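Read through the structure below, which is laid out as structure tokens, and then see the notes.
Per-chain numbering from 1; labels A, B, C and D assigned in written order.
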């Protein structure tokens, strides 16, 4: 496995006055499944189109397997793309759509036949080969699009929001299905999405993009538990954020004054700095026993929301302040009611601090 | 429903429009006259007649053949009282029984009209004889051609437009070719015309176009693309000359041909008495002088005092019956032998 | 597009909506036409095919039919070659530019051929604009004759019918998903392969519509060829004009009309079948 | 390559427009000439030919009649053609393709033949009114253009919307009027424009049907041309071109020109 299979280095892309990619670099290992995650307008689709060769960066290089493809046109790159809404050819049947890339490579119809059948089998669409693509359901269309992209054995597979046209339930099934399929094929894949949950589910690593740059590129677990910035923290998962001031700092540990009280976090900032302290809701416990490894605070229950598998409790600070804390419990203790004052806590090691 | 008032208005006006044609009908003192559009008719001649006799002349300017087609389909209830056409078309109209004889009707001036201008025993009459020969562009051709043979000169390569045999004036180049081929006088050439096709074929390198649309050819002629035009008649050429267009009519030594401008009463047409009055007025010596001046044509009433400014040479009057009998064959020959590439 | 006839188990009530239009066209268009065609087989003593024999048995008329088809085909091909890429550029234009360009393509439709023929005279004459231009560019040494040549005829015909080719292709191309050629590119299709396998097939409905309308108009054109060329290039329409008006030979005219209609209908139905076959993959 | 293709198509469009406008544009300067002939380049400058327009007999009434006939025939074609197109698209009409071809077949016949045939038939039936004859003949002329555009637009229209409107309380005709008509309006407008022009500019059919009181604009202009092929024609054409530009401008304001091209 090559660690630097796809390398984008120093890419800039401008559309008129708007800079969409700025000095962007990205490195993907062979066989890896990387998501580009970010809000619309962050440049993720532009990056994808640059890798596909549909756009050319104003500056920078793109290499695949050590080969510089920056100057190559899309059709010379051997890169498979699954488009948003799939872009299937309406004038061709399912099988013809899949055979398209093979035919474009000069492979005869007879030779292409078995490979198309194989690809159809891979996405479990064997019986639909002769149908017009417009007669297919959304999920089936997506499978055809994937098969069409894979059948040419591309060096890289790019997927542009492939699940956005599907309903929630189907989307979840297809996500797992696609992940397994791509593992099976062993292909390197880049996946564009604005849905953080989707990114976490399907990818080996996630690149969170912000204003034309990659803010953080790491595995989902790290991304969730150790976001590199407030931006990433906000974009990935839910969290409680408390603003505060650093009281003291020693040995990589700071003490922060918040509206809920003083707490500690593993970080080193100058005393007096304004910081934001964040905790994931599920890291919190209600009425903890005294423990030096925990930050223990008090708050007043303002709302209790039942979410099925879990329950969220919203707490207001005892003192005046806008900050609120969200606690998530898998089971609600009896006798809890709004207005009640309770103590809560979380591990110091689960506490994240960012410069505000 | 803010649009309601305009919509109702539209509807009312639409109904009004539909009803309008029926309302305008039925005015007694007027006649419909059909004939090809020509300068001088509606702006000079007709107003003069209307003033004199106090009835209205409504003129429908159309190609003679289309006019004939309309007369034929309206046979059961003609709307037209008088038709003005070339003799070859009037012959067709007579054969289909669409016109009625002038003999015995109340047209006193008919008696003074020269006999050649009362064909078929006064089935119709020629109200004037426009002259046709060669029309030349005076900027490109400094001296007027003196003979039809000039047209065959190679210096006119691609510089001549000939009118299609489907149009009566095409008889002029055919006669000219026959004259040159046979050496017979122009007046005898019509009956020999089949012998002229060979000579006419020799004109082909000089022919830029064979036109069925004389106005377009006239435009190219006036603007100098075409030196010679065979042949519009004097109604066009001399009228355009009077309008300062650089064209003139040549009078070749072989002769100039009289085009037959005929007028006839439509069989069963409304207000025939006004029609007779109209034709009589056309033949009136005074009107004939006006016609001579306005249409640059020879008057046909022998009592007419020829306007001094009009000095047309004697014209060759043709046997149009013979022409009509043979025209279809000539059209086919012309098309296949002269026009085809 | 249209429901195939085979599926018509019972007549939908909506089908009756076709009746007013059909009855109108049957009375006002079909009946007069049939009446006229009837005269093509009615001789002095009953049924005759002599009109058809004269049309189809005469080398001259066969040549006229050939010339007419040749003119219509060259016109259609010329309009397609120029109009097809132009339609793409028109579809690609944005905002007010597209409105202006569209209006410029549309405007010439509203000017009568009679005026245009006068304009062509000005352009093509020996001392006309085109000769002047070529002389000054040093392309030619002496003015060349262009007016009333076959070149002028083809150019004039293409000029008259070109908008009828551009506009239908434009309306199809405008609807085309621009991502499809992109998708083809990522599948390794070279620009040429992309064009022949994706862009061209997708634009074909527009092409078929344009071709069938231009061909029908061109094959039946009467005023345009007679103004641009005159009797030197006889077309079937001109023979009909001659037969009906001059020769007063209804048998000949009506037989020629029947032959023309047959040829045009074959081409248009052929185009419709082609369009449907291309359209099957599209579904509804 | 991509750039080459773009350049090529842009060049083709430029060529197309230049080519289309060429014979029209050269006519405009001729209208300002001092000379009495229709020649280029124009000699001097004068507006006399615009003054002469008054001499063209009944030009305004002919313009009015042509506009009237064109508008009414287009409206009738729109009504009959749209009903027919709905039946063809939705009604499972047997032989729909044949019916559609029949409805557009007047295009394939020389106008002259159509004119003679209709003149004969109308007179046989005793229909003698020129205005009415012109109107129904022009419905035949305009029908193919309407059928083509409306059929194309309807085949792209989602008829579920009509059903939706009916469930919301519209009768079928009202649903058509409120939902279908606005949705395929661009198709209607483009078809109507083509139809209007085909009728307005028609000469080979009209020439058999006009009468002395009822003459359309092309007939009147041709008559004038027969009388005198002078630059008056250029002046009239220039004014007609201006009128067209004005109408196109109005259409753009009302519907948007770009949407009207679905022929």
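Keep in mind that, in the parts below, a residue touches a chain if its C-beta (ideal position, glycine included) is under 8 Å from a C-beta of that chain, and two chains touch if they have at least 3 such contacts.
Everything numeric here is computed off the predicted structure, so don't read it as measured data.
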| item | value |
| --- | --- |
| Chains touching both chain B and chain D, listed by label | C |
| Winner on C-beta contact pairs when C-D is weighed against A-C | C-D |
| Per Cα centroids, the chain farthest from chain A | B |
| Distance from chain D to chain C - Cα centre to Cα centre, in angstrom | 16 |
| Centre-to-centre distance between chain C and chain A (centres being mean Cα positions), rounded to whole Å | 56 |
| Gap in Å, rounded to a whole number, between the CA centres of chain B and chain A | 88 |
| Set of chain B residues in contact with two or more other chains | 66, 69, 216, 219, 223-224 |
| Chain A: positions in contact with at least two other chains | 73 |
| Residues of chain C engaged with two or more neighbouring chains | 114, 117-118, 121-122, 128, 191, 244 |
| Every chain pair meeting the contact rule | A-C, B-C, B-D, C-D |
| Chain B-facing residues of chain C, complex | 60, 63, 114, 117-118, 121-122, 125-128, 145, 147-148, 226-227, 229-234, 238, 242, 244-249 |
| List of chain D residues in touch with chain C within their complex | 1-2, 5-6, 8-13, 15-17, 19-27, 30, 38-40, 79-81, 83-84, 86-97, 99-114, 116-118, 120-122, 124, 136-137, 139-140, 143, 148, 152, 155-156, 190, 193-194, 197, 200-201, 203-204, 218, 221-222, 225, 233-234, 237, 240-241, 244-245, 248, 252, 256-258, 261-263 |
| Parts of chain B lying in touch with chain C, wherever the complex brings them together | 65-66, 69, 92, 158, 164-166, 208-213, 216, 219-220, 223-225, 327-328, 331, 334-336, 339-341 |
| In the complex, chain A residues that touch chain C | 52-54, 73-81, 83, 85, 87-93, 100-101, 103-105, 132, 134-135, 148-149, 152, 158 |
| Complex contacts: residues of chain C adjacent to chain A | 177, 179-180, 182-191, 193-194, 197-198, 201-202, 278, 280-284 |
